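Structure first, commentary second.
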Amino acid sequence: MSEFSATLEKVAKALENNSKRFEELDSAAGDGDLGITAGKIAEGIRSGISLSTGDLKADLMMLGREISKSAPSTFGTLFATGFIRASGVVSNEYSPLENVQKGFKAAFEGIAARGKASIGERTLLDALAPALTALNDASDLRSSLSSAAIAARAGAKATAEMMPRHGRAGWIGERAKGLEDAGANVIAVVFEALQ
Amino acid sequence: MQKILNIPKEFVSEMLEGILQAYPTQLKAVDGDNQALTRADAPIAGKVGITTGGGSGHLPLFLGYVGKGLLDGVAVGDVFQSPTADQMLAVTKQVNSGAGVLYIYGNYGGDVMNFDLAAELAAAEGIRVETILGADDVASAPKGEESRRRGIAGIFFLYKVAGAAAAAGKSLDEVVAITKRAAAQTRTMGVALSPVTLPTVGHPTFEVKAGEMEIGMGIHGEPGIRKAKLETADQITTELISAIKSDLSLKSGDKVCVLMNSLGATPPEELYIMYRQVKKIFSGDGIDVARVYVGEFATSLEMAGASISVIRVDSELLGYINAPAHTPFFTQV
Amino acid sequence: MQKILNIPKEFVSEMLEGILQAYPTQLKAVDGDNQALTRADAPIAGKVGITTGGGSGHLPLFLGYVGKGLLDGVAVGDVFQSPTADQMLAVTKQVNSGAGVLYIYGNYGGDVMNFDLAAELAAAEGIRVETILGADDVASAPKGEESRRRGIAGIFFLYKVAGAAAAAGKSLDEVVAITKRAAAQTRTMGVALSPVTLPTVGHPTFEVKAGEMEIGMGIHGEPGIRKAKLETADQITTELISAIKSDLSLKSGDKVCVLMNSLGATPPEELYIMYRQVKKIFSGDGIDVARVYVGEFATSLEMAGASISVIRVDSELLGYINAPAHTPFFTQV
Amino acid sequence: MSEFSATLEKVAKALENNSKRFEELDSAAGDGDLGITAGKIAEGIRSGISLSTGDLKADLMMLGREISKSAPSTFGTLFATGFIRASGVVSNEYSPLENVQKGFKAAFEGIAARGKASIGERTLLDALAPALTALNDASDLRSSLSSAAIAARAGAKATAEMMPRHGRAGWIGERAKGLEDAGANVIAVVFEALQ
């Protein structure tokens, strides 16, 4: 298994290990299916790994397609969109750090466009945006990923004070306050697994 | 859970099997995936393809409107869950005859994400896709924020208009234009009287107490705008119609079509009691009801409750609404 | 009582008002009595008149089948109560064009008494009336005592055959003969999963416990043949179909039409899960399903449960079943 | 008010006064609506009285039609049938006793024909049949009606030991045993009011 695949496997495992927590958060403010979605994303990731060709661009596209097939909920589709958009910008000519930076930037922009959400609206973007900033501020891959993990976690924490406007949680408004956003938590877990 | 079921998680696959066995000459599965269905005769040469999609548990939504004079294909999700982008893409490719494809579906996050992704992938394969969202539920967001509204039973009118226009040979741009006009004139408001139980969950996923009701509750149990003691049919109807009238700025001389929809367990008898009051209010206001549909059009399993949809029509819209249609679930002559 | 109602005892009159307001071009009341309804164009010159009647609470039974290719008139009773002989007589006189009138209705004491009396009074006025009873419920009396059986959803096939034969210009004797043949080939068996609440009573009038079911319970709560723990869809379907198969002596090579009926609250999704099993059994037996209907055909307010009706057809019966029909509640092309 | 009308008014009142008892009996074995039916029959009788012409034949027909309009349940229709059939056989040329005997005989036969029930099957016939015998055995109107009342009551009592086969009670079979038939009770009350 390539290093890339091994890292993805770590992400899949982390998603499974935390599915209970995701379910709890999504139950409180949404419809409680984010634990299931996390499990299905893990399945999609594994199925993408098994089809891996070694070509980063093709593999990211494949991962996105497989995740979208196995996890069709809002979050699953946004997650898959990130891979598909990243696929469009990575290249073998770039350094790993460059690919990570460009890939996550494209993922962030694609997800924001697809979900039509803005920063501060209590979504996964509120964990992804600070992580992206941290990635860009760093000069080597290792430190970039570890500071991104810290930033994503802080971002997820901060969602507890935000009013939801998107997804099913958007319908409950004020009542969500005090609780962290479920999707932002998934992002934090993903970055913690990547480092 | 008073349901006639086998294995709960096979609910959707067994239902789809039964549907395909019941209507083998009218429906077909794309590439053996029963969650990607089209008219048996798709693609129709030269015709704009119209597809929809959404979660299961709402029959006749969504697949029930696939057929002559209505839709060409549908992606079917699990109960209350979006189908995948891949399924919508497969349907899109199957119904496209080269004239382009129009997606019409309800405004729910999961569906929007998936079908936008499907449209993006279809475009990459050279298929022109346009999208119109059903967002008719007045209760789900205030005026000025119409784009946040959920889609419920009023989508029937969008299907009907788009389906008839496409059957009449209109181009994709023309079908889009008339359907947008239909969407702008359609409003729905509903009331829930009981919760529903998802087959895989086995107990109600939200609460509506006996003797109470929730005005504006969504068809998946999304919170409404007012919980109250169960009122009379006339009171409820008046509240629903008032909200629609003001949101649509209906006025004397307007012509409308009305759709009285049961959410599942509420029997048609009660819908007619409500319609009596609708007719009374509209007559008093000088609003002409050109056509009325009464029955189950967009349900939520065995949920008790009803919704009223109203579309303001001109002669072109009414012509399309009155056009014949024939699917396994809906026939109009 | 989670019902959308005004004054409970006005349930039927308000419902009928709503229905007449919804379909003013299709239905009319005789002499201003909304409980005596006919096709708006009745009498049809030269055509045998077909009328039915029965209690309310079973929509689309009974009035929903009044229209082109089906019935000419209906007497409508209070909830679960027979209409009066007088109402049936008024309908009879309105639909009679001189070709005679056929009564088709369910085998319930009150209805039989009233409609026999109506027929007697009609005969005294020179109108020839023939009667055929729907008595398709296998569970309501053993073989050999068929005449004691109650009529349930299978009556749809009798209406369809008689209506199509009359529309085709057949004489009263011919319509009677073919409809009797249809009745002899029709069987139904059902299962109830919940009780119903009459609007004027306000609480369930009989009991079906959560987690249980009653095989063969009638649509007014008449006792069935077996109470049991709620079984799987396949088990229930197998039991219903087995009883029908043996009572009708179905054998390989037979051709049948099937009607999957919800008693009200059971959603169509579950009917298709059941149909999947029906089709499996019949395929295994070499029995050909020529046509299937799925939906609400004979209900009991918001009762949960379902029934399966089967009619063995030859090409003549199938021709009449496949003939077009159009009423406010049922359209077939 | 004629004597005929006054007698009918007594019957109407008796039906109303006993409606609770009819409801109880019909609830135990049938569907419990016989109390309501009795009230509706009383209404029909009063409406027939108000349209009375003084001609016995015409008045009985009118009573039957009015009762059938206001009381369309099984029992109401059978009861109405009795009046309509009696109307066919009475005559001004007969004595009151003859009219009572011929009228009830025709009523009995008409009800038996319409309901397709036989004696001993736990229906109103089991009260009506002994009453009819008593009427025929008597030589004056007064004694005929009083012995008919006694016979009808005894007939109604005897239904407690019969198995129901008709009406809604027919569906519960054995379970009805030990209780008197509701409809037979109505007949007993009617004859008690007539005497």
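Per-chain residue numbering starts at 1, and chain names A, B, C and D are given in the order in which the chains are listed.
As a convention for this text, a contact is a pair of C-beta atoms (placed from the backbone, for glycine too) under 8 Å apart; a residue touches a chain by one contact, two chains touch by 3 or more.
Being a predicted model, the structure only gives us computed values, none of them experimental.
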Labels of chains that are neighbours to chain B and to chain C: none
Rounded Å distance between chain A and chain C, as computed from the means of their C-alpha atoms: 56
Mean-CA-position distance for chain D and chain A (Å): 82
Between chain C and chain D, centroid-to-centroid distance (C-alpha), Å: 32
Pairs of chains in contact (touch as defined earlier), listed by label: A-B, B-C, C-D
Chain C residues touching chain D - in the complex, by the definition given at the top: 77, 81-86, 109-110, 113-114, 116-117, 140, 148, 205, 218, 220, 222-223
Complex contacts: residues of chain C adjacent to chain B: 1-6, 11, 14-19, 21-22, 56-57, 59-60, 191, 193-194, 208, 210-211, 213, 230, 232-234, 236, 264-276, 279, 292, 294, 296, 299, 301-302, 304, 306, 324, 326, 331-333
Partner chain B, residues of chain A touching it in the complex: 31, 33, 65, 68-70, 72-74, 77-78, 80-81, 84, 114-115, 166-168, 170-172
